[in-house]
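First, the structure itself, so that you have it in front of you.
For reference, chains read A, B, C and D in written order, and residue numbers begin at 1 within each chain.
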Amino acid sequence: MTIEIRLQQEQFDVARELALLEAGDAGAVASFTGIVRGDDDVEALELEHYPGMTEKALTALAEEASERWAVSGLTIVHRVGKLQKGEPIVFVGTASAHRADAIEAMHFLIDRLKTDAPFWKREHLTAGGARWVEARQADEAARRRWM
Amino acid sequence: MTIEIRLQQEQFDVARELALLEAGDAGAVASFTGIVRGDDDVEALELEHYPGMTEKALTALAEEASERWAVSGLTIVHRVGKLQKGEPIVFVGTASAHRADAIEAMHFLIDRLKTDAPFWKREHLTAGGARWVEARQADEAARRRWM
Amino acid sequence: MAIEMVYFAWVREAIGRDGETVDPPDDVTTLGALVDWLAQRGDGYREALGDPDRLRGAVDQVFAPFDASIEGVKEVALFPPVTGG
Amino acid sequence: MAIEMVYFAWVREAIGRDGETVDPPDDVTTLGALVDWLAQRGDGYREALGDPDRLRGAVDQVFAPFDASIEGVKEVALFPPVTGG
């Protein structure tokens, strides 16, 4: 069982993350990549996080996933700092002998990461200035699916 | 809405497939990669398929997925011919503005591909000879989840 | 009415060919009746087609149950349950 | 008892600092009571902490509800609902 959790400012390489998961003779690898979007008035995104707590929170989610599903590998990479539109922001990958375990563990991790990890997004506007992104009710609803 | 379906003998490049899906300003990209496994007595896998029908069956699945979920891109790549253990055999990728749509459409496609596309696996044994892989009840059960 | 038969996996191996043109009698109007008629052709056919539970079919390149009509169709495929992915 | 406070996102901006050491009175024993006590400090604090529905907290780096005890804790964080991923 391999758990890989990273916070980083620089871009990550999805191919490299997947190759690590595929190398474990798992049979099934599932992944999710979140990409910076934004309305036309948004120029860039900034990710603030809680140093010290963030990796602990992500590790706790990964450990819960590894108890609930038969997974042999879990990877979470989350970027922090200023990101441009179109850049990847988060990667969640899972490896398992069984495709349902890989897919459900991945789905759990990205849903719970949205509500249970201390990150805050701020949008930098094309017209200047910035605004904090509001939390979404839909994310709270998605979280309850895993209770 | 972009649907990409390919059958090929050669290895595919997961990074390239994901990059195409990410390029669509979708926000969420989900993927599944199946990798050739096998017991210790298995040396390689051979994939037979039904030329003429296979792409039609995969296209029908992709179209059903695009009607059921809000997806902007769907990719299915399936290899045929002889594959070595550890090599990727199938890739399913989806892009959407919403992560749940991307993940569920991907899960649907790989589940239904297992039961609704004309492929047959044969295992080449280390000791010589070969055996056809039997269909799994679990795949039929997974199919019914989407009815 | 001539029908192009195609066979896959161990059905193909048992019959010993990957396809053939057949011309069943007029009372053979369903996929199941076609399978029964073919199974009478001899050892390989009986081995391949004798157990409907292990057999699946497609009519004109679409999966079809054994009660599907084959009237007017061009191509019928017989094969084991699929195992791709 | 001294507590290290840390603030994030618009809570940090409204208060005007990313953290501070505070020493609340003995009757402040829960996260909610600590928030109420801090909110009395002035404009920035009231703006940041006045609406508990928009506020979340962590005690010693674990998410905690407002009725969580803060007795003996070292670090308390206050911030808006998270928006990562």
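Just so we're on the same page, contacts are C-beta pairs under 8 Å (C-beta built on N, C-alpha and C of every residue); 3 or more make two chains touch, one makes a residue touch a chain.
These numbers come from a predicted model, not from an experiment.
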Steps in the shortest chain-to-chain touch route ending at chain C and beginning at chain A: 2
Distance from chain C to chain B - Cα centre to Cα centre, in angstrom: 26
Centre distance in Å when chain C and chain D are each reduced to the mean of their C-alpha atoms: 72
Centroid spacing, where centroids are CA-atom means, of chain B and chain D in whole angstrom: 49
Touching two or more other chains - residue numbers and ranges from chain A: 34, 110
Which pairs of chains touch, using the document's own definition: A-B, A-D, B-C
In the complex with chain B, residue positions of chain A that touch it: 13-15, 18, 22, 25-35, 37, 86, 88, 97, 99-100, 102-103, 106-107, 110-111, 142
Residue ranges of chain A touching chain D (in the complex, touch as defined): 34, 47-50, 52-53, 56-57, 78, 89-90, 110, 113-122, 132-136
Chain D - residues contacting chain A, complex: 6, 8-10, 58, 61-63, 77, 79-85
